[in-house]
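Worksheet for the structure shown next.
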Amino acid sequence: MDKRIASVEGAVADIPDGATVMIGGFGGSGAPIELIHALIGRFLATGSPKNLTVINNNAGNGHVGIAALIEQGMVRKMVCSFPRSADPRVFTEKYLSGEIELELVPQGTLAERIRAGGAGIPAFFTPTSFGTDLAKGKPVEVFEGRSYVMERWLKADFALLKAELGDFYGNLTYRMAARNFAPIMAMAAARTVVQVSRAVEPGTIDPEAVITPGIFVDTIVEVADPAQEEALNRAGAHYPEVTA
Amino acid sequence: MTKLSNAQIAWRAAQDIHDGAYVNLGIGFPEMVAKFQPPGRQAVFHTENGVLGFGEAPAPGEEDWDLINAGKKAITLKPGAAFFHHADSFAMVRGGHLDVAILGAYEVAETGDLANWSTGPKGVPAVGGAMDLVHGAKRVAVITDHVTKTGAPKLVERCTLPLTGVGCVTRVYTSLAVIDIEGGRLVLREKLPSMSFDELQAVTGAKLHLDGPVSDLIVPEV
Amino acid sequence: MDKRIASVEGAVADIPDGATVMIGGFGGSGAPIELIHALIGRFLATGSPKNLTVINNNAGNGHVGIAALIEQGMVRKMVCSFPRSADPRVFTEKYLSGEIELELVPQGTLAERIRAGGAGIPAFFTPTSFGTDLAKGKPVEVFEGRSYVMERWLKADFALLKAELGDFYGNLTYRMAARNFAPIMAMAAARTVVQVSRAVEPGTIDPEAVITPGIFVDTIVEVADPAQEEALNRAGAHYPEVTA
Amino acid sequence: MTKLSNAQIAWRAAQDIHDGAYVNLGIGFPEMVAKFQPPGRQAVFHTENGVLGFGEAPAPGEEDWDLINAGKKAITLKPGAAFFHHADSFAMVRGGHLDVAILGAYEVAETGDLANWSTGPKGVPAVGGAMDLVHGAKRVAVITDHVTKTGAPKLVERCTLPLTGVGCVTRVYTSLAVIDIEGGRLVLREKLPSMSFDELQAVTGAKLHLDGPVSDLIVPEV
């Protein structure tokens, strides 16, 4: 029942080559920097994991977090809605040189596909993208005179998320807009790994205030005072550190 | 012929629930399984109406009718409980997040088909969450008397009553045996030691197969 | 911006004959008794509204709430998953005599159809009910070798709900398992009317703790110390009161 | 030729937002609309990443980077705000719960088609929430300069750039005019008084129709 693990290294130890990994966050809010950097640390030490498919709204910013994951060459494919950022160079260069694949998905469709993956809904219809390039090749159906595009669920082998409080059973709360994709990614991954700013005893979180019930969570690891990606980027951080 | 009581069937089913499992128990008889969790193991119980981590019924007079289970019985909360709305609750069910769902049955077929919601066109039909549960949980188990009140087999080749789900049941705990459903066959795993294979086959409506040893189904008085 | 209205009578005044009305609650938990009884009061005084289609998990219990609505002959059709209860006589008699229509929907499909209605998803696929009588006539599609039934969204003209706190902008919290269908019904109705046990100033509810954001709510009416349907039924209550 | 500034276009668009409206403003130029809410009216602003009821940017140095809008800019909260996850956020969008979405445009067609996400196959494509917003809000309005930087019309018969949505725009606020899109036609509602109908038609790539009086588009210095 106790889902705690002692270290971020242990929390990401099982992610294999070729895995599909959902990573929480929208821009810097909610980005699980310590989990991502632990994954990079493992890759630098062992050469794994690589050939990852990463699902996130964006495609990294600067040289930390997802951008650093891409920079190391660990990512084969990004699934996202907006692969731009204040400093998108890492993704842009690999994309333009053909080293990384992109599946571009409208943001709401991305969210709904993830939620569908978690909710056991293999496909659904949405008006979003009808008549556009992003609907090409997808089935279309008319309901009450309006056209809709059929979209498929999106699932992952792992989700790496950041939360605020997490009790030992995996019940989670988030911090403000850092909530974004985490509750639905927690549902859609076979294994959900969460860095929490504070790990607490069951009963600490009011049952009314639980945002992600523990049933969706496999592992929590406490990372007190976690890094904020936006703050790291504004400070010009690199991971791993660049030595002059 | 000796047979297990309902409480004993529930006890046997409870032995297969691992520590930390997320479990949904159907309304009525299956709810009894919660009482028989082995020492040292603690399952987390889910109820469709939006609670995870609930505990026993409150003392009479202590009920809060906003805190109920799917059977509309008053419940209590354990530390680490959570509330959520119905769509999220069935996302847990349909999305494969429950480790096991335990339901009652009118009939179970060797194909894994289950009939447990309707005895036919008479009266008011009511289905609740059964059809969702049978297609959601990682393991769907049935607990049931081995035969009906009139002695007819409940394990059959094909269900005759309206189906709850197709090919969904993987294990049946009956008053006489524990039977897995694998590849469209009933595979006998345990039977009452007082009963021969032929005696069991005689009260079973589909062929019983063997695949490895058959254990004695021994259950304490509970 | 202030969504308060002074009385339950005012809150239900606009519901017309023939309307489709979602009513919150699972059994007695979350049943908006005062709103339902105000609707019955209006019917007794004016003859309207009638021919209602009511969407609720159940079909009433005893002689209060939805059962009383049915008993008055105001309901043409029920959409529900479990039209049984401790005392289901009112619905049962009208159903067996052909006075009321029933659309029986599996509980999870009912919830998902309502959520789809609120989320702009006209149809989705679910494994639930495949191969059963409740899937008859519905399209079936195979995804990754498994068969799924296509279900349509469910919307309503009005939702009548019960919540715990409601601020003047319509942000809501609920009380324990009384939450059940209310958050999704609030999304799926053209007009959402909520009785709240306490109406509070905006800012009173922590933005992290809001369960239903005010965008889904049109009207709130304070009903302090609301009746609990289960308690009413255990006391043998009738609405309107039966005089001997 | 005189024309409205971006701030003035934003001011004009803001006049059509009623008190209590739920509004989503696109990243960049459309965000400016929030500054020009008429006195006595208070809209509730939605951002796709999961906040309803946010306010202005914090003072420099006061940013909390967990509290941002869809453009990743720091924001503040007003009383009555709420947080929610991305699927709920786009349920608000797609489900028709927003009263108005205001977006920028590369091109708008007389059919209501909008192109605002891609200038062609070069570079890295990025769409964000635009395709969801144009099919969700009750009213989808565009604010834009009337012509491109090179003087080409942005209101056209058919879009040449990749579409964001089909038949979705109902009103366009430009640097020269306010134009409704109705039944596949551009219907002129307001124009700068300094400009003749023919002058406006000359810089518009599709036929302008009249349907009732055309008002003067008069906007204060802002």
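Here the chain labels run A, B, C and D in written order, and each chain numbers its own residues starting at 1.
Rule of thumb we're sticking to: a contact is a pair of C-beta atoms (placed from the backbone, for glycine too) under 8 Å apart; a residue touches a chain by one contact, two chains touch by 3 or more.
Which chain is which protein? Per UniProt: A, C = 3-oxoadipate CoA-transferase; B, D = 3-oxoacid CoA-transferase.
This is a predicted model, so every value here is computed, not measured.
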Centre to centre, by mean C-alpha position, how many angstrom separate chain C and chain D?
36
Averaged-CA centre spacing for the pair chain C and chain B, given as whole angstrom
30
So, what's the distance in Å between the C-alpha centres of chain D and chain B?
55
Going by the contact rule already set, what residues in chain D reach two or more other chains?
51, 83-84, 87, 90, 93-94, 135-136
Of all residues in chain C, which are in touch with two or more distinct other chains?
112, 115, 119-121, 126-127, 174, 176, 207-208, 211
Going by the touch rule set out above, what shape does the chain contact graph take here: line, ring, star, complete or other?
other
What's the complete list of touching chain pairs for this entry?
A-B, A-C, A-D, B-C, C-D
Touch list for chain B against partner chain A, complex
19-20, 22, 42, 44, 46, 51-53, 77-84, 87-88, 90-98, 135-136
Contact residues on chain A for chain C in the complex?
112, 116, 119-127, 141, 143-144, 146, 148, 152, 173-174, 176, 207-209, 211
Can you list the chain D residues touching chain A in their complex?
47-51, 64-68, 72, 83-87, 89-90, 93-94, 113, 118, 123-132, 135-136, 162-166
In their shared complex, chain B is touched by residues of chain C numbered 26-30, 57, 81-86, 88, 91-92, 95-96, 102, 104-112, 114-115, 126-134, 174-184, 211, 228-231
Provide the residue numbers of chain A that touch chain B in the complex, in ascending order.
1, 115, 117-121, 167-169, 171, 187, 201-203, 205, 207-208, 210, 213-216
